[in-house]
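Report on one structure; see the data block that follows.
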């Protein structure tokens, strides 16, 4: 594998991490969605590049799914959703942005340090790529738990899942990647539909606005 | 420290090294086929089958059929076990059940045979009694399916020769008895009784499980033979001993694990109460003997401390509760606690002597305990049946509402009187014999070398004496309040004698009390194979003594002959009576009792149970429970009554059980918050776990 | 070989005959100490006879137990008394019951006496019974501790053996024995319902223990109980005599003369004991019921102390 | 012969698919229920065939000693649950808690669920297994939300989100395993097949394996319901229809556990990797103790037993974590016994709550007076799950505790404490429901005892006599688990 291929792949992966940070940084839903579209785009590019360098054409399907589904349909659907349900436009972060950023940096550091002992035998690409993918995953999870807003939580989950796809495609010659990405797209579709069906406005916890008492397991 | 291992043990090991099928020392017994054992197992199996029959058979037929059948099977069980005991038979069989690669080991030897005898005859009498008693049972369906299996489980515990089978039977015993306790589930308090009982029981089982885990080692040799051969390390063995004491003590009712006993035993139907108090506690004692004496091998002297101390305390504390108790059946249950304490005291002495290498003294102590086991089984069953008859006739268990029953139910009164006299250790009945033997044992204790024992043993003797005296007091009160005086309630006034089966059962037990008391030598002789099995030595044969008197050590040292005492008393009494009748005026007149000039003496002017116990609780009460006596006098010149009220709280219950419950409750409340988090918080839990593990990983590498 | 059995028989009759005499002696002595002439020493016999002859009155709701109890009590006490060596040791039936068994027999008597007290269902019976068992609950352990100490001295609970062992000059005077003697006296006072624990002569119901229990008895029943009480007193005094003054006791198969000496010694012991008792009774006042446990607790402590001392002594 | 076996395996997987497709078209409830039962029964028969004859391992599917246990158990409980659900759903329809509209796809989804689990178990390829487990999860989510009540939807939602995250983590772990394998086995499918993984595990990169195991533990651990990943479990059990609760407790948890076990084997085969034991033991202990305390404050009977499931999953994980032939044997036995017993309990609980018209514990009481049959079922079931003889759970707990105490006493003590605390709570609730004066209303209910009886009978027999065949089989598996 040529140096260039490696650098480009590396670049795209790094780009995704960067965009994840950007997403953590957003405080308005629309801009968050746009950033996520960007994230998905980066993923599409990365996957496409992998398809190219691994000359594994089936990965193009994954790339296409990423491009169409995640970069276009989902953000659009979520836009509609926000309008339809009249969700507050701004995200309510649990912790301040600064803290979230620091946490994110710590996570990236953690993922790299965890990946360090991995021997090069796993493939020159694999180590860095995995480090990035892991950071994307962790950042997504961080986003899910630092945002109160349902939509932003979904977005967090989707970015997490982008990280997974990145890792999967990064893994040279991994079979079933397409199937997995499809399965995941179904999962996400379910979530979005779920939000729509159950008219979840603010956060995952309150399903129905009509019911004021929030039900969590046994009543106290 | 090195201890002279008893001859029996060493021989045992030797045999086993020669690859003996089972490392037992046969004593004078002969290893035969498995004829007797298979017969016993047949009895057990049929008892087990009687359980489903209790469900399957139509209601009327079931209650009519189950108890007689159980009685028959139990009689067969008991008598064949007695035969096995006398012959000192040793039989093993391994069934392909239980833990697959071990199988269910079953083993019959003198020790097992003795306890089987107790179980068999206890079950027999209880079933006889039940034939009559069950006529008043409103819901036989709640009793019948569990009654026979309960007995079967007890028998199986005694026959089991591997840890799994033992615990299986042990826990089955708990479950079935729990079901029997819950038979009258609608009575207030029985739910609590059942709960406490089952929890304590399973605690005991788990503890025993740990003990067996230690004994079996990492490779899981659960059968007793290999456990016996694997020499457990001394300190480890001590841990095992403590665990076993807790495990079996929780079932036998050692203080402070006794709390369930006075709740559960009275809650069950009376024939079951008799079984639980008279027999089941003995099975627990069997467990202790089997593990502590047989499996653990030669003891060190300080092993004997826990049973000795706990036993002595239990003996006294149990009675202190019994003395102030107003519920007849609870009173009996507390006195069971006392007797268990006495037995464990004897076992502790036996261990102490054995560790010192004084086999004969150990044999004496063990004989005393085992004899007390048999005796307590008889008179406690008798007393519980008596209480059951009283309950039948009056529907009352509260002593404060009984009285005068001696007129209404004469037969029960006589039999119950014999029971009380026996349990109060009065010669010439059987209770006295075992206590006498125990005193003899205590008197041989100067032999013991360790100083601590030198001080503890006489103290234990004092406790024993105190217990004996308190027992007499307690049962004078019980009998006097229930049967003597004038009826304190219309129910008591309208009581009627119970039916013939119940009387028959009680009569059998009373006869047993008298026989065991008059001819103790025979009972002691019957135990000789057992002693040889467990200790490797025996006591001198008693049956050959002149006049069948009991001479454990030497005629000069001390001897007792119940027969002669009985004959003398009878002669003296009758001759006196005849003499007086010849001399005296025959005239006899009935007149009102002396009333100090207040003719209208209502039954309420009698001494109540509380007022009878007042001096005793005044003297001893502070020891066990914080009693608060309050006397409310009317104002000078006021005509209102003066009221005396006694409030006594069980210290152990308050300090131990309630507090434990509180702690669990508090922690539960704390943790319960985790049920009510938001999804985001749950996600953060997952996230935290992930990050934690990753960090650990990063650090580890 | 019928001789020993005759001796045994003689002893049984002896205690029966001597008991009222002893009581009479005590009463006489007390009367003298109180500057009264007092009744004749033989008065107790007359009383018993009179009681027996009298018509018996029993309460309406008295049960059979009430009527059987006196004979039972008498029998138990008599057997107990007959088994204590009086003037000779190792009688043929002496091994039928050792000291513990004797204590047990007395306990039997007490057991039935308290039951009889409860049988009528009057408050007096109740008072008597409950106080009696309270006293017994402390007295019996004390007695057993005494038994322990003696048994540890003699390596036996067999009274004859004990007497023999303590009779040896080797024993000499020992602390533990002294303690035991004191304890035994205290217990004896309590068991026999003597002052300061109880007053046999009182007729004020609320203060009595023993008398309250037998309040309902009359006629021959009362006679039996009185006789049993006298026997008990005799038993304790002869016990003390046998154990602590173990002299002049005739061995089995000894010549007649030895038996005669034994008789004399025994009579002397009884007389001395009786007089001492009378003196103490005239000297001390009766104590409150609830001080009795402390009184007997002292006995218990003494007994226990003695036992410990002995254990330690043995151990070293 | 192998062809026959192949067909059997195909049957286990395809019958549910076919049935699902058919069932989507069947509008009538009664017919659907019958088809459902028939299909599950057919699948069970195929699974039974598999015990005798193993098909040769394929690239995507295979059957070996380990997963055949789970497969048979899966199909068996699936069948009994379908029998139970017939009566249960009928009652729900009559009482109007469910309408035919909601039930339109109930049976179809039921079959899909069974298919997902069977596939996950029979999968040779870790990717296929992952997809299958996700499928099973999605279908159960729909089932949990069946009642459309506020609580049901919320429970479903909670389940859905947490499970999705868990699945995502599991996928990441799977990818890592592939990466680790790829270097040694070479690219492509072989690098994802169990047999290859186990065969070459020792030449894998340990660092990658460790990382992978962390993600797999958390990912599949979420579905096992280990504390602190358990949050979805109680609500999903409590709010879904009871047949589904039984399936969840009896099967889905096992499937996730199965996945963990497989990966544990791989880990164990690699000398350089961290020992998975301590992690499993810790999580197991935490789950046991935590669940034990949580039992005390439960108001809802199904949630109560859901927590007891967490407790038992903890025990099983603990046993496997301890490792060694004895503990592994005990773990396998306990897992089997637990799924049989717990599903039996849920059957009786479901009928009980129908009979009492509520799931609130405090509104129940005196069941033994009003419904003796149900009371027997419930009592025996709970006695069994409490580890009381003569039931099978007793034997497994006996082996777990005694073997542990001999090896590591300090680990056994908290375990025993947890068991005891849980014991107290369950007995308390059991007595409250079964005994005492009757409480709550008494409704007519179509009691179907057959499933309960079948399960409890099996548990009873296993507690007294384990056939040597099964024993040797379990022992082989236990040895392979290391």
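Every chain is named by a letter (A, B, C and D) in the order it is written, and numbering of its residues begins at 1.
Everything below uses one rule, namely that a contact is a pair of C-beta atoms (placed from the backbone, for glycine too) under 8 Å apart; a residue touches a chain by one contact, two chains touch by 3 or more.
For clarity, every value in this text was computed on a predicted model and none was experimentally measured.
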{"item": "Comparison of A-B and A-D by number of C-beta pairs in contact, larger one", "value": "A-D"}
{"item": "Chain A and chain B: spacing of chain centres that average the CA atoms, whole Å", "value": "69"}
{"item": "Distance between the centres, which are taken as Cα means, of chain D and chain C, whole angstrom", "value": "78"}
{"item": "Gap in Å, rounded to a whole number, between the CA centres of chain D and chain A", "value": "31"}
{"item": "Separation of chain B from chain D, taking each centre as the mean of its C-alpha atoms, in whole Å", "value": "44"}
{"item": "Multi-chain contact sites of chain B, meaning residues that touch two or more partners", "value": "675, 677, 679, 683, 686, 690, 694, 697, 701"}
{"item": "Multi-chain contact sites of chain D, meaning residues that touch two or more partners", "value": "157-158, 161, 165, 207, 211, 234, 297"}
{"item": "For chain C, residues contacting two or more additional chains", "value": "none"}
{"item": "Interchain contacts, given as pairs of chains that touch", "value": "A-B, A-D, B-C, B-D"}
{"item": "Complex contacts: residues of chain B adjacent to chain A", "value": "675-680, 683-684, 686-687, 690-691, 694-695, 697-698, 701"}
{"item": "List of chain B residues in touch with chain D within their complex", "value": "96-101, 141-142, 163-164, 167-169, 171-172, 174-175, 182, 185-186, 190-191, 194-195, 198-199, 202-203, 206, 209-210, 212-214, 216-218, 220, 222, 664-665, 667-669, 671-672, 674-675, 677, 679, 682-683, 685-686, 688-690, 693-694, 697, 700-701"}
{"item": "Interface residues, chain D side, partner chain B - complex", "value": "157-158, 161-162, 165-166, 169, 207, 210-211, 214-215, 217-218, 222, 228-229, 231-232, 234, 274, 279, 290, 293-294, 296-297, 326, 368, 372, 383, 386, 388-390, 394-395, 398-399, 401-407, 409, 412, 416, 419-421, 423-424, 427-428, 431-432, 435-437, 464-466, 468, 471"}
{"item": "Residues on chain D engaged by chain A in the complex (per definition of touch)", "value": "125, 127-128, 130-131, 134-135, 138, 150-151, 153-154, 157-158, 160-161, 164-165, 167-168, 171-172, 175-176, 178-180, 182-183, 187-189, 191-192, 205, 207-208, 211, 234-235, 238, 297-300, 303"}
{"item": "Contacting residues of chain B [partner chain C, same complex]", "value": "403-404, 406-407, 410, 413, 417, 421, 424-427, 432, 436, 439-440, 442-443, 445-446, 449, 451, 454-455, 457-459, 461-462, 465-466, 468-470, 472-473, 476-477, 479-481, 484-486, 547, 549, 551, 555-561, 564-565, 568-570, 572-574, 576-577, 580, 583-585, 587-596, 601, 603, 605-607, 611-616, 618-620"}
